[in-house]
Structures are given as structure tokens and as C-alpha cells.
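Two complexes are shown next, each including subunit A; its partner changes from subunit B in the first to subunit C in the second.
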Partner chain A sequence: MLAFTLNRLIYVTPVAIGVTVVCFLLVHITPGDPLTAILPADATLELQEQMKAAYGFDKPLPVQYALWFWKVLHGDLGNSIATGRPVATEVLRAVKNTLILATVATMIGFTFGTLFGFVAGYFRDSWLDKLASFISVLGVSVPHYWLGMVLVIVFAAQLGWLPPTGAGPDGSGDWRPDAAHLRYIILPAVTMSVIPMGVIARTVRALVGDILSQDFVEALRAKGMSEFGVFRHVVTNAAPTALAVMGLQLGYLLGGSILIETVFSWPGSGFLLNAAIFQRDLPLLQGTILILAMFFVMLNLAVDVLQTALDPRIKRG
Partner chain B sequence: MAVTTVDSVAPPVLAERLGRGYWAGVLRRLSRDPVAMTAAAIILLIVLAAIFAPYIAPADPYKSSMIRRLRPIGTPGFLLGSDELGRDMLSRLIYGGRLSLVMGVLPVICAFVVGSFLGVTAGYAGGWLNTIIMRTVDVFYAFPSVLLAIALSGTLGAGITNAIVALTIVFVPQVTRVAESVTTQIRNRDYVEAARVSGARAATIVRVHVLGNVLGPIFVYSTSLISVSMILASGLSFLGLGSKPPEPEWGLMLNTLRTAIYSQPLVAALPGVMIFITSISFNLLSDGLRSAMEVKA
Partner chain C sequence: MRFLSSLLSLILLVGGAPAYAESVVRYGISLADIPLTSGQPDRGAGAYQFTGYTLYDPLVAWEMDVADRPGKLVPGLATKWEVDPADKKKWIFTLRDGVKFHDGSAFDADAVVWNLAKVLDDKAPQFDKRQSAQVKPRLPSVASWRKIDDKTVEITTKEVDSFFPYQMLWFLVSSPAQYETLGRDWDKFAASPSGTGPFKLDKLVPRERAELIKNADYWNKSRLPKTDRMVLIPMPEALSRTNALLAGQVDLIETPAPDVVPRLKQAGMTIVTNVTPHVWNYHLSMLPGSPWTDVRLRRALNLAVDRDAMLELLNGLGKPAIGQVDPSSPWFGTPSFKIKHDVAEAKRLVKEAGYSPEKPLKTTFVIAQGGTGQMLSLPMNEFLQESFKEIGIQVDFKVVELEALYTYWRKGAKDEMSAGLTANNIAYVTSDPLYAIIRFFHSGQVAPTGVNWGYYKNEKVDAILDEAKQTFDPKKQDELMAAAHGLIVDDAPLVWVVHDTNPHALSPKVKKFVQAQHWFQDLTTIGME
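Let's turn to the complex of A and B:
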């Protein structure tokens, strides 16, 4: 197991370094000089040169990358142009809010996804299967930002049951696990849960179908095991893959929360990214993307290792 | 985010039945699939409406009217109501299909071409070329799709072309992975070995033996990306990173109508309905195509 984990780490390291290169280059593909975003429009030539040297823009690209990478390794992602605060602090605070939202959404999605998936897989080709499969196709096809709007229209604008935007009653504050804040997470979490629900339902349906058609299920039934006992075997066999898909979904939600967070003004990393793009706050943009992508890489690694630990059938090495 | 399906779907099984007979069979099976045919009909209808928009649309999609803002659905002269600037919703939805479809479908076509080229090259050549291509793909694959799309179009700057470029970059790694995996499978078949032994040049083997067998699965996989691409493309416009006002485009319309969710909720939700219908139709058609092409002979 340790050997396998080390093996995966060795494989992931170049990918992670590649991710930092892409994040570094992102700033350099922006049209125009990155300095224009920092400097006032009437900056003198002298000041421009000074800033260029201060930011290291006068050095060749590989050197700039090395300097930047060294800082990143020490947790220094630079300062936000808009607020002047360290990017790392801003991003981590926002990521916490997104992580909460994405976790709740994944749990809702996993619960309903496995439910629909099991029903569809068990009753293959019945009307129940068709219904459950149709719901999961709806889940992966719906433009979630639109679904968010519709939920706001129904539950906030029309019925007035839930707040339309924000993470809490105190405006722009962070989400906290108490009764007053609970009302605020319902709509964005339900909206966000639709995609993992669809994906997990599709996966579980295929898994259950596969497992049920295997010989050992026949053998279990032949030896007189109750249908519930057989069901338990199916669950154990489907669990590793289903859990792996759930882990990956959490990662996708973390990185893809920007549209939903924009609709609900949720103070998370997507909202921050949106602000960074439109204020052309390049250090903040770069830092947010880097941290989210690294989260995703690490999560993938963790899922990989856990899945192998859970499922002895997967070849190690 | 819906892009996520990608990982959970295994690369399509190879359908190694070539020739006219095979494709005729695929079409026949597809035509017997009522769900896929309904989806195809809806897509055809939306595409035709977009192409012939000037002849079908009852009004000018750009003509605004300050005194006819946010009329409800069913108002005489405004069959589907009017938007926040008094423009006819029905006309804008019909015209909106033009940009939304192009922005959704074009990236997948580009990714199909580029990804097939890279994947087949990597899969057939193997060795260091494979390593270079596939490790680069791994790096881009390491980003969640939505994040990569938004990061790229955010840094490239708002605009339709940049949005299409960004989405293409998002989909190329996914297509490349599938293309590489099916090509590697084909490369190890006996008949490819036989062709090589009998002295066929690499280019000939790829053209005759490899492409014929791998393009089908890559194509099916690519069609499954269209739905995601439509949602993402409109999503970029929704964020203000795609098309610009006053262009009629579903995602952008959805964004500008957000101010109307209290006064005209039904009208405000309409552009999203169009994105939803188109995306689900592409998904169902792709599912139908997948099973039509994989049916065991």
C-alpha cells in the first residue's frame, strides 16, 4: 500500500509542477502588459521600469517562473491588487465557504444519486428504471445557473420561504453552522447537488447492472440467500467505485462553483474568481486558480489511493 | 460542472465493423430509437429556426421599446413577452440559437479534430512522442473543466472567439485521452501487425487500418461533449465572458433578465429553458448514437 502511494506521488509530482507552469503562464497570455493593471494610466516611464524590476518582469520567463515558484512553495502568492491583502489569505477563506457548500451538495447528490441508481439498476428496463434514468439525464443536462435562478424565483421571490442570495443574515460574512445560516445554504446546495446526483446515478446504475449479471450473484441466490443478503453483496461491490466518483465530483464542484456562486452571491472561491477576472486582479486570479487546481490534484490522488485501499481487485503498482 | 460525466464514462467499446453495411446498420438502429429520433428532431428544429431566423422571427431582435418593457407571455404582438429593454422575446430566442449553437458546437468540432490528431499520433507512435503528448494532456486534465474554461476566457479577455478558444482547450485533452486509448488498442491488433510486416508504410496503416476503426468511438465520445459545451458556452456568456450586449444569446439573455425575476419570472426563465432543451436533446441523441454503434453483431 505504501509502495502504491509513493508510486502515485511520483506520478503526480510532474503533473502538479505542470499545473503551476500553466497557472504561471496564464498571467502572460493576458493581452497587454500585466503592469498596466497595477500602474495608474499616467505612470512615468521611470516608474514603469521601477515596477517592472520590482515584479521581476524584466527577467527572462524561466527565471521569472523559478522566482515565482520559490515564493509559492513558501506560501506567498503575492498581494491582491484590489485589496492589497495577501492572496493566500483571501483565497483560503473563500475556499472554506466553497468547500462547505460543495460538501453539502455532494452529500445530497450522493444520497439521491445512489438511490436512483440502485432503483434503476435493480429494475432494469422497467418504468422505474426509465424514470430514474430520465431524472439522471436531466441532472447532467440542466444548466445549473438557470436551475439556481428558477429555485430563487420559486422559493425566494414567489413563496418567500428562503433567502435568495448570500451566506448569512449579516451580509457578506462567512457561512457558519447555525440555524440562521442554515436557511442560506439550502438553495445553492440543492442547485449544486443536481450534477453529482445525475453522474452518480448513471454510474451506480451501470455498476449494479454489471454486478447483478455476474456469476457470484447467481451462486448466492442458488444457495438460498435472501434478497436482502444479495443486496448487501451488491452494495459492497459497488461501493469503492461509487465513492471514488463521489470524491471526484466534490473536486469538480470545488473548481466549478463559479456560476452557482455568482447566482447566489455565495462568498466562496468562485465568487472571488469572478471578482478577480472583472477587476483584472491578476495575482488574485492566478492564486485562486492555482489553489483550486492543486486541491483537485490532491483530491484525485487521495481518491486513487483510497479506492485501491478499499478495493483489493484493483491491481496495485 | 456537467463536464464531470466524462470521467465516469469509460471510453466507448471499439466497434470494429467497417464499411457501408455497418453504418447502414447504425442508422437503422438509430431510426428505431424513438428517444434519439425525438431528440434529433428537436435539434433539427432549433438549428433550422436559427438558420432561417430572419424569415421566421416575428420582430427585429434588436428593436427595443421603453414603453413595452417586460410584457408577460401571451401579450398580443409579444407571443413570449418582451425583455428588460422591450425587445420581442420570441425573436430573440430564435436568433439566440445562432450564437449559442455556434459557441457550443464549434469547440467540440475543433477539439474532435485536434484531439483525434494528437491522440492517434500518441497512440500509434508510442515512445517518447506518446509521453510528451500524454503528460501535457495530463496537466490540462488536472484542472476541473469549468475552472479551466473560466480561467482561460477570463485571462484571454471577454469575447466570442476567446470563449470558443478556451472551450476548445478544455475539450482537447478529453478527446485526446479517448483517442489515444482506442488507438493503442487497435495498434496491437494482429491485422495491423500483418500490414506492418507486409511492408505498408505507417501513414497507410494509420489511414486504412487505424482511422477507420478509431474515428467512430472518438466521434461518439465527442458528441457526448456537446451538451456540456452548450451549458459552458452559455455559462461564459452568463458571466459576461462570452457574447456582448445587445447580441441575442441565451446565456447572456439569462444574465440580463436576472433583474426581472421578481416582476416577470416566467419570461426571465425562458432563455434557460432553451439551453436546457438543446443540451438534453444532444445528450439523448449522443446516448442513442452510443448504443446504436455498440450493438453487438
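Let's turn to the complex of A and C:
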């Protein structure tokens, strides 16, 4: 097992290096000046050249990459050009906020997605199925930033029940799961949950239909088991797949949603990326993309290793 | 017995304590982050009101507590400034006595000299490239500086420049003692700043909020904050800001979205606007080959604009621009070309120049898709495109991001990247003689020195501006600027459309707010009751 893990780690290394190259190139080939964040609009060309030299942007790209990569290897993602704050601190704080939001959104999405999926699958072709299917299709089709704006207008601006933006009464610095802070997460989490809800509902509906058509269900019914008992068996059989889909959706949401976090000024990784893009804050942009990308690389590695631990046949493959 | 006595004391203490509720104003600002807090704020002129003039003071200040007329230069940390009659490049600043930084250290000439080196001398140990980047372009005239005595500083300019004191508005003074205490680290200083300003920084959550508290020991008692705590919350999206105000999450916001102004008024909010040194314009190229070398066509463009209809598009959040500055400015003068909406005259001029709606002049302008100061960029441009089409001028747009447009602008119309383009569309800050007039209209200010993008040249204007820079009497300065402006409007090197009015929306709870006719605003004037 240890050998397998080491083997996978070796495979991951070129991927990780590739990720750093892509991160670096992506932000450098985009149009715009990296010093936009710090120089006033009317700064002279002479001053721009001076500042480029001061920040090392006058060096050839391969040299800039090598210097940046060397620092990254030592755990230093550099400092934000715009704020001077360490990129690592900024990104980790943002990722924590995104994690909180994505977890709550996934829980909401999973709860309602499985509910609608089971109802639709179990009562296939009934009006309940049509209603649940309609809601789930709506979930994956509606642009979520639009839904976010509508929810803000209705529940914050019109009714005044919930706060429209932010992560808490005093910001996200001391976020905790109490009533004061949870009020802030409701609207963004509900908005973010509609896609996983739709995906999970559609998956579960298909799964339940498939399970219900299997022989063992016929056998259970032939033995005289109550419909509730049959339902329990269906749930038990569908749960692992539903959980796997939920895990995938959580991973997807952890990537951050730029649009939702911007609409709600939720200080997560999407909000940070948005700010970094508009300010052309290259170290921050590179650092954020790198951390998120490496998160997925490591997640895939963990899944590979776990799957092998659970099912050794994969290792042979 | 001792327990009972302690209990009684506690009850008396709690029950007898005077009831004092801290007054708090929550302000939704349009920036994406809290501006730099270490001295010189980043994010442009509009950011000075948040972490500049709150935490720090300049030597020469701007009068910000008047709304009914333009402000003027007033004493700040310097009680007076005067040019040396023997050498008009030398300016003598007399410093204010008894001023202390938030950390308790004294403000004196050493602090001023240290701060000038902080932003202008890259060999100084305290040099901060981030602060320098902000203020160096604002202090183009400074050649050198020295301490004369504890209360006097001399600054020498590169050439005689009577407008130099305006540059000092941008230069704010941080505490050298605090920098030493924090281990000579500007990043630490940004988290625990120390200036001489009317507010102190109490809490900073990057990208989320800054909490400023009243500095009760502030030296200028007429500028003591009207609120105990000012919470600044970055909300870059106009709609998010507006919703936050409607939901009661903040007490006032900058720049509400124009299309929700009726809804805000319906909810009892007050919209405060004022004349603001800003102009939304097209800056025309005067280079050979550009159609705008013909003054008839330049004037026709100005006459084709229906500014009242444009204001309707903006829900009233603007003021018609009939020159580089507003007619209420002392620099407006008396242009003979009266800019108004006159389609018939515009068509006549276009026809005289050889074009018509049937045989239109075709050209391309570079514009931004949006961004700070650009107001409703695309709808406004499309509106004007139709207006120009009506008189026989067919304008196509090259749409770029604002940051890219700045690059076009800095490089001037002659640069190859502007080939085929005959106008750009950056909205301008017009706050002082240099910013409003000189940098755009003096022929010496073409790229790379300045931003006379279109290579406009009028020898009379040059002569007047040169004279103004040598004139130290403020009244005479104003007269010269007005004379130059009159000539410039007659030449119409820009198409002037509207001035922004820097709208703010206030909840009914905000009872005090003076909006100055400037981008610099005084947050000490904001109060709840």
C-alpha cells in the first residue's frame, strides 16, 4: 500500500508542476498591466518602468517563473501587489469561507435533491414525479447569479428578513455557527445549492427507477414486505451513489463560485479571484488558482489511494 | 458582610453607570477592498476620503466642509506656506505646533522630511514602493527638500510652479515613531497605522471592513468626527450596495445604481449629489489625418449631444457639461462658443465640412466597457452614437477594458496602438489647475510627459498657462485659468457630455452629511442624530 501511495505521488509530481506552469502562463498572457493595482491611472510611462523593475516584472518570463516556482517550493506564495499582504494568508482565509458556504450549500442540495429524487423515482410518471422533476430541471437550468439577485431583492430588500451581503455582523474574521452568522449564509447557500440539488435529484430519480426494476425488489414484494420496507431497501441501495455524487458536487462548489460570492460579497475564494482578476494582482491570482488546483490534485490522489484501500482490484488494474 | 458589600458595589456600579450608546455609521463603499492604510491610500482620488483624510493629514488641506461653493486650499499640518521671493522654486512650510500622532509621538519637521523620503527617495531605509507608486505621480514638481528648523521645512521645485501647493494635498504624513516600534515594517504599519487624523483605525478585516473610531484628541476641534465609529464596508457591486441600504445593513452608500433611484426614494432614502470635478467626454485626436483637425466638426459633435436626455438616462445623477469644468467654477471663464443641443447648427457645420447623414463621416472611438468614473459607459456611448449618426457622423466603437484604455491614453494618439482611432473616452478628474486644464491642454504635456492625448496645441493657451504657473496671486491665477478655459472651449478639442455628481444615498437615520464639491470628502461630517 505504501509503495502504491508513493507510486501515485510520483505520478502526481509532473501534474503539479504542469499546474504551476499553466497557472503562471494563464495570468501572464491575459491582457492588462500587472501594476494597474498600485499605480494611479495617470502614472507616467517612466514611473511604470521603474515600478516594473521594482517588482521584477521587467525580467524575462522564464526567469520570473523560476523565481516564483522556487518561492512556491519553499511555501512562499509571495505578497499581493495591491495590498502587500501574504498571498497564502489571504487564500487560506478565503478557502475557509468557501468551505463553510459550500458545505452548507451541499447539505441543503443533498437533502432536497435526494428527497425530490426519491419521490420522483418512486412515484414515476405521477404528478409528484413531474413536479419534482420540474424543480430539479429548474435547479440545473436557472442561472444561479440571477436567482441570487432575485432572492436578495425579495428576502433582503423587500421583506428585510435576511441580510443581503457579507459573511457576518462583523465580517468573516470570527465566523461561528450561531444565529447571527447563520442568517448571513442562508441566501448564498440556498442560491448555491440549486445546482447540486438538481444534479442529485436527477441522479437519484434514475437510480431509484433502476433499483425498483430489479429482481430483488420483486422478491421482497413477493415475500409480502410492506411498501415502506421496500422503500427502505431502495434507499439503502441508492445511498452510496447519491453520496458519491454529493461528494463530487462538494468538490465542484469548493472551486468557488465567482458569481455567487460576488453577488453576496461572500469573502471566499471566488470573491478573491474576482478581486485579483480586476486588479490584475498577479501574485494573488497565481496563488489562488494554484491552491485551488493543488487542492483538486491532492483530492484526486486521496481518492485514488482510498479506492485502492477499499477495493484492491483497482491496484491491479 | 464583605460579600454583601461587594454585591452592593457591583449593583451600584452597573445601575449607576451613565447610559452611553456608541454612535455607529456603516458606510457601503464602492471599492473592492479597503484602500491602503499606511499613509498614501491606493485606488485613486476617491479613496482619500476613506483611509487618507480620516487617519492622516496633509500639510496643505482642502476645505471639505462646504457644499454650496467649491472648496479652497486651507492650512493642514502647515499653518502657512509661501514661496521664497528670492528664489521662486523654494517653498517654505511653517508647521503646526502641538500636533501629536495617534501613538503619542510629536509631529515636527523631522517627520515631514522623513515622510518625503518615504515616497520620493528610493535609497531611504523607510522608502515604501507601494506608497511611492501612489503619490510620486502626484508630486511631479518636487526636486528636493530640507528641514530648516523643528517647525519649518523647505521644498524646492524643479521649475517655478505657482500651483505646487495643490500637489501637497496628496501627500499625507505617517508616524516615524510607529514605524520604528513596529520593526520598520510597512505591512505591520498598515495593520496598526498611526497618523495625526481625526479617526484612528480600530479594526481591519482585509477586503471586508475597516472600523475607524473617533480621535477625541484631534488637533482641529472643528473637524472632530460627528460619530464615534465609522464602519467602512467594501461593496463593489452597485446593486449589492443598494440592496444593503434597503435592507438596513448599511446607513449610507456611494454611487447607487441609477435605475434604482426611484425605489430608494420610495423607501425614504435621501439622494445627495453635488457638483464634482469630473467630466465624461470624448478626447479628440488633432493629429494630421484625423477628421477632428476641423473645428467645425469638433463643434458639431458638441452641439449634437442632448445632455438633458442623457440625464434622463442617468436618472438625474449627473450635470450637463458645457466645458471642461462646471460654469460655477472660477476657471470656467466666458467662452464665445456656447455649447448646447442644436441639431440644426450641428448638421449645418457637418455639411459645410463636406459630410451629411446620406454621406456620413465614418470613424472609430476607443471606449471602455465600464469601470470607475465611466458612469453607464455602454448605454451612454450607444446613446451618443445615435445622436452623432443623426448629424452625419457615423462612429464605431472599439470596446476595451478600462485598464487597457488607460494604456491607450498614456501612450497618446500618435502611438501605433491608437492607429485608426480618433477619440478616446476616459472620464477625467478635474480637481485642480494641473488636473483640470494643464495636463490636457498644454502642448508640452503630450505623451510620455502628460496626457494631452490628442496633441492639442494652441499657442495662446500655452502662453496663458505658462504665465499662470508663474503667478502667485490666487485671484490672478483664477483669471488666467478662466481665460485659458474660454479659449479651450472655443476650440472644442473634447466633446464634453456630463459631469458626475458623486451621488450618495442616505438612510433616514443619517442626519448630517456635507458633500463637498470634490472627490475628497470629509467623513467627520457624517452623523446619525
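Everything that follows uses one rule, which is that the second predicted complex is superposed on the first by the 226 of 317 C-alpha atoms of A that agree within 3 Å, B and C clash if a C-alpha of one lies under 4 Å from a C-alpha of the other, contacts with A are read in each partner's own complex, and residues count from 1 in each chain.
Heads up, the rule we're going with is that a contact is a pair of C-beta atoms (placed from the backbone, for glycine too) under 8 Å apart; a residue touches a chain by one contact, two chains touch by 3 or more.
Quick caveat: nothing in here was measured; it's all calculated off a predicted structure.
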Exercise. Please indicate which partner A:297 is in contact with in the superposed arrangement: first for subunit B, second for subunit C, both, or neither.
Key: first
Practice problem: Report for A:278: first if it touches subunit B alone, second if subunit C alone, otherwise both or neither. | Solution: both
Exercise. Have a look at where A:231 lands relative to subunit B and subunit C in the superposition and call it first, second, both or neither.
Key: neither
Quiz item: Thinking of the overlay built on chain A, is A:262 touched by subunit B (first), by subunit C (second), by both, or by neither?
Solution: both
Practice problem: Using the touch definition from the top, say if A:143 reaches subunit B (first), subunit C (second), both or neither. | Solution: first
Quiz item: Touching A:196 in the superposition: subunit B (first), subunit C (second), both, neither?
Solution: first
Quiz item: Can A:157 be said to touch subunit B (first), subunit C (second), both, or neither?
Solution: both
Practice problem: Pick one for A:22: touches subunit B only (first), subunit C only (second), both, or neither. | Solution: first
Quiz item: Thinking of the overlay built on chain A, is A:253 touched by subunit B (first), by subunit C (second), by both, or by neither?
Solution: first
Exercise. Touching subunit B in one complex and subunit C in the other: list those residues of subunit A.
Key: 31, 149, 152-153, 157, 262, 274, 278
Exercise. Would you tell me which residues of subunit B are touching subunit A in their complex?
Key: 1-5, 7-8, 135-136, 138-140, 142-147, 150-152, 154-157, 227, 231, 234-235, 238-241, 251, 254, 258, 261-262, 265, 268-269, 271-273, 275-276, 279-280, 283-284, 287
Quiz item: Along subunit A, where are the residues that touch subunit C in the complex?
Solution: 31-33, 35-48, 51, 54-55, 79, 82-85, 90, 149, 152-153, 156-157, 160, 162-167, 170-173, 262-265, 267, 271-272, 274-275, 278-280
Quiz prompt | Complex contact set, residues of subunit A against subunit B | solution = 14-16, 18-19, 21-22, 26-27, 29-31, 137-138, 140-147, 149-150, 152-153, 157-158, 192, 195-196, 198-199, 202-203, 245, 248-249, 251-256, 258-259, 262, 273-274, 276-278, 285, 289, 292-293, 296-297, 300
Quiz item: Across the complex, what residues on subunit C touch subunit A?
Solution: 32-33, 36, 42, 44, 129-130, 133-134, 136-138, 186-187, 190, 205-209, 233-237, 239-240, 242-244, 246-249, 401, 403-404, 406-407, 409-411, 426, 439, 447-449, 451
